[in-house]
């Protein structure tokens, strides 16, 4: 990545490389379009930052620019499985794929038996497939049909093992296919409506490679820190590019994780968003440099000091620093304690000086105790919350996000990870509700809402169609005759690594 | 090692490189042979996989092929000393050297004061020298006479230090030389007769570099895992190449550690070996690919599913997995416990499905508990044991190997490491018995057998000849007049890092 | 650094490279001298071995040779700050800079806000500035005025942050400037008079890169091991090059840490130094090779076996080895215990065999217990102490050095690190006494001596001049009217990271 000591120049060259990739795809797409039939479409299996699995925003291409050449967004999503399966990458990857065309997308590649060590536990392949649908995917395709017998990817195993015989993974894939066939008309083309959106950009990602926050905290780490916390409290999030300014007002909350590089256009849009009633959450390193990565020479965060009602001009690493005087809470008293999280601050801390903002938490430290760590400002009709540091206490982060969601009047289910709740509206204009149990032990959920139909569950009961069951095509709008009804207050038990899908009656 | 993403191609090129090295030696040997006198011989100091010491089979040459050019096998063996001296590398290196010409061999190089940190404790040089003889060596030569005063190997120290004066190491080398002189006719040309043989091949070693089991578990690790366990229970092992099929029937037990690459010829020979009464022990990754490293597309282990009475088509890493329901034991009840070894399985586990085999142990895991981890099958007149996973509990491994040796009616001494027992027959057709104490504390052994002569012991008593004692040549067959006799039940005390050598009377 | 396997050749090439650098500076200096006015001087900001901060002697230039071209010695000194600030690097770097011209020096660069994570705590910049003066610096200049907005060093922050406004660091720099202005005539041109000198050379540093003691123990590590221990007991040390033989007799104690490469000239000078009453402290690896790094082939330490009254010809790593029978003590009984420091010996241990020397400590080890680890010899009118091993117990090392300083009748203050005491004589021929508190908690010191004037203290009281206070020029010799007097037995309280400076009345 080096070749120059001028980080701004290096990052600009990488931006040029990203443009080359997008231009190439546009050229190819134009050629294909000349020959494509009206019923044919163009897609591309975009991937993600690769840390031996799909981790975050892809550094080497601007997928929003590149997607202009596509008819349908596509992606490949890979992730640890077995004891390490969480569904996080499916949610994160899906949110990015969904953002490309603001529409459903295709999972063009995902793991079958996967890389060594990822062999799915029984029912995990099933759980994964429906998690993709719950994120808005319209397909789940596997890498690959059978394990290959030679060369580099012999141990990225397919649906079939090397002996080309039926195996446990094949039989589970058959069950998935049968249920897609039986219930697909109720599950495909899911329309998502998320209350929260993250604003990401490639420039910030690249910038923080050249000017790192810390070797252990990249741009995508900050993105995932917040995205995963929302995932765990079952608040669904969209992703927006910095060019999606027109869409800002659709969301209760906008989140900018380490959005280091910002244009004045974006800064104005964020200002307007808050002024008009939006709730902005930004972290450290937001709005520090321009689009050429030249550091702004006015007060930080650039152009947003009024919005956040604070500024800072010094920062350091967090060493032996906690958070104290936490003035937010949700549901329990945990975060009100004097010293909520000893030594939780790591890697980066800005010494915030509030003007109109109130302090949500201060640094618990012998020398930096007079500075704010987290602030919130009322600005216009909205609010702007600033996280001046990274902290490790994830329970505290969930507490903070719950508190902010409460302020923004976002509805949150009672369930938290490993119970995952996903929602959407299907092609029949009915609400679909997914419950996933991402754990090794059975768990219960209590249904709240209008009467619903239990479309399917993975391990026992409806939906466990055997691979060889008759593959009846379900006519749009009709329901399989064997689907039971679920009513307010009913308790459903989810087996380990299992799921339930409800269609709420009109 | 890279240069291609095609592992099979890369491995084939490495095979070609190994052939070049063997061809070169053959060419050199032919030239030398033209000029050599009848009493002159050709040898070569082959070494081992180098991990800052001699670790396992050498990857860069096929020593069996290359040894055809030699009159006498030779080797260099280096290993940690001081608190880390175990004798393992001497036994392992000796077994490989002995396998090259199926005869005695020369230790052409071994450490004197050694690499920094290996300075031998008092008597360790003596212990090492006789350990080489006990493995079948006919010489012990040191690197090197005096420590050098310049350039790269100044701190691979010689017998003499840089001041070129007598020192402790020199005086111990003198004592070794005097005792070689005095007792050599009783100790040289030792004929070994081992009940167990390992079958190794270079293709499997190379294959598992390109297609690793796990970054922490190479081919030589699996070899050493089993070889060292046999060493610790004092069952002596030979090494065979895959071309030594004719010799298979001489052994009670054959062991194939991770023998990934096999020809159908070898598979048939293993089948015949078991059918005719042999006891085969194979580990995970055995018989998976052909000689070109193309993975076999029938049921694994290729060609041996009937022999092992089981098959498998899925495998994964061992994470939080133990062994349960262990159905083998030897001497104590340890391995009969319900969950013998919690979380001991690591790196690789195959999900074994027994047909005719009985399960020796299953996986203790929430999802994989129905699969077998270790199996044993009666096939023809013999048995075939399969280890489907690597596990860390070495006491359990020794238990398993003791149990299998018991089944194969192999005689095992009561002593276990750090007391090492080695046997052989000398040039006078008398049995020689070595006891070594590889530890920092004195230990006792109880002699069982026919009356014997205590030829020498290192620290006190016979054999502690001073460097300047008269170097009397002992005529073949005669014994030094001062050697005491040892009879059934007699207890010998071995000092720390000491030894005793017995010649059993006819 | 490689390119040859001949370490002596490689090191010789590096010596040639060092000469090129010195020659270049001499050439440049000669050109500048032609044009310089009489009141202009030539300097150079020499730095140190860089381990992300200034660590030890610079490997890439011989600063003593190169300084011949300079009028005034200069340096840049960077070091961790915040919770990691100790003052060690300021003392070490100052001692080297002072040695170049045997005179005061300029700190041409040091950190302002520093590298990320080094943001100074309140008053640390002030503490650092006066620590430089206490070491003999005549200036403190910062890298750099304002934080830069682009390219590589954007986050090596200046006095001002990127917003170019006044900040906490700027205000503290102003306070430093005001106090330099007010008290400078009493503090500049400090003349040091240290009782101890280290003898360093570049050849030993380079040699031990090619022929390492241990990967975790370089030449500069051994230097710092001893230098830092003297720093902690407040015994001030000079640095000498190997060519400063004429100055040896000025010091009570000479120290040679791992002085691997020695000429016979130097050996003779060390012999003469001890014979004439000096106290020599040498460590392992001293006097082992000549100036071309050829190992001497006589008894080690070369030419000094009579001086030290011992020799050795074997050495090894320290593993599970302690020090026993410690025959030195100072102030308490700690080091008299039977086994003073279990397992403290690491990396390197020489097996010392005393002749006329007495054993100060032996190895606590099952096999090496008969060898000495630390020895001391009376030779002529002086003494020679040899440390045959590196040990980790720093309290024991301080104990040993206190004991040796006591023997050499060196006066030691009661205070130890984190209370640091520095002394000197100012341009008015008055003694200056500095007290520094390098810690996060207030501490007290008790003044002993003739009546003195409390020139300044950092946080409260005299010397805390506000940045905008009138910058009165203090005439030489006069004292500010507001300076209180301090008398024998008076207790001064130093706040956290604070200091006090006394001028002792004539």
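Going by the order they are written in, the chains are A, B and C; count residues from 1 in each one.
By definition in this document, a contact is a pair of C-beta atoms (placed from the backbone, for glycine too) under 8 Å apart; a residue touches a chain by one contact, two chains touch by 3 or more.
What you see is a predicted model; the values in this text were computed from it and never measured.
**Student:** Given that subunit A and subunit B are copies and touch, would you call their interface same or different according to whether over half of its residue numbers are shared?
**Tutor:** Counting which numbers both chains contribute, under half are shared, so the two copies meet through different residues.
**Student:** Can you grab the rotation angle between subunit B and subunit C? Superpose on CA, round to the nearest 5°.
**Tutor:** 120
**Student:** Just how far, in Å, is the C-alpha centre of subunit B from the one of subunit A?
**Tutor:** For subunit A versus subunit B, the centre distance works out to 53 Å.
**Student:** Mind pulling the residue numbers of subunit A that touch at least two other chains?
**Tutor:** none
**Student:** What does subunit C use to touch subunit A in their complex?
**Tutor:** Its residues touching subunit A are 82-83, 113, 116-119, 121-122, 147, 149-152, 154-155, 161-165, 167-169, 440, 496.
**Student:** Within their complex, state which residues of subunit C touch subunit B.
**Tutor:** 5-9, 211, 214, 293-300, 313-317, 319-320, 366-367
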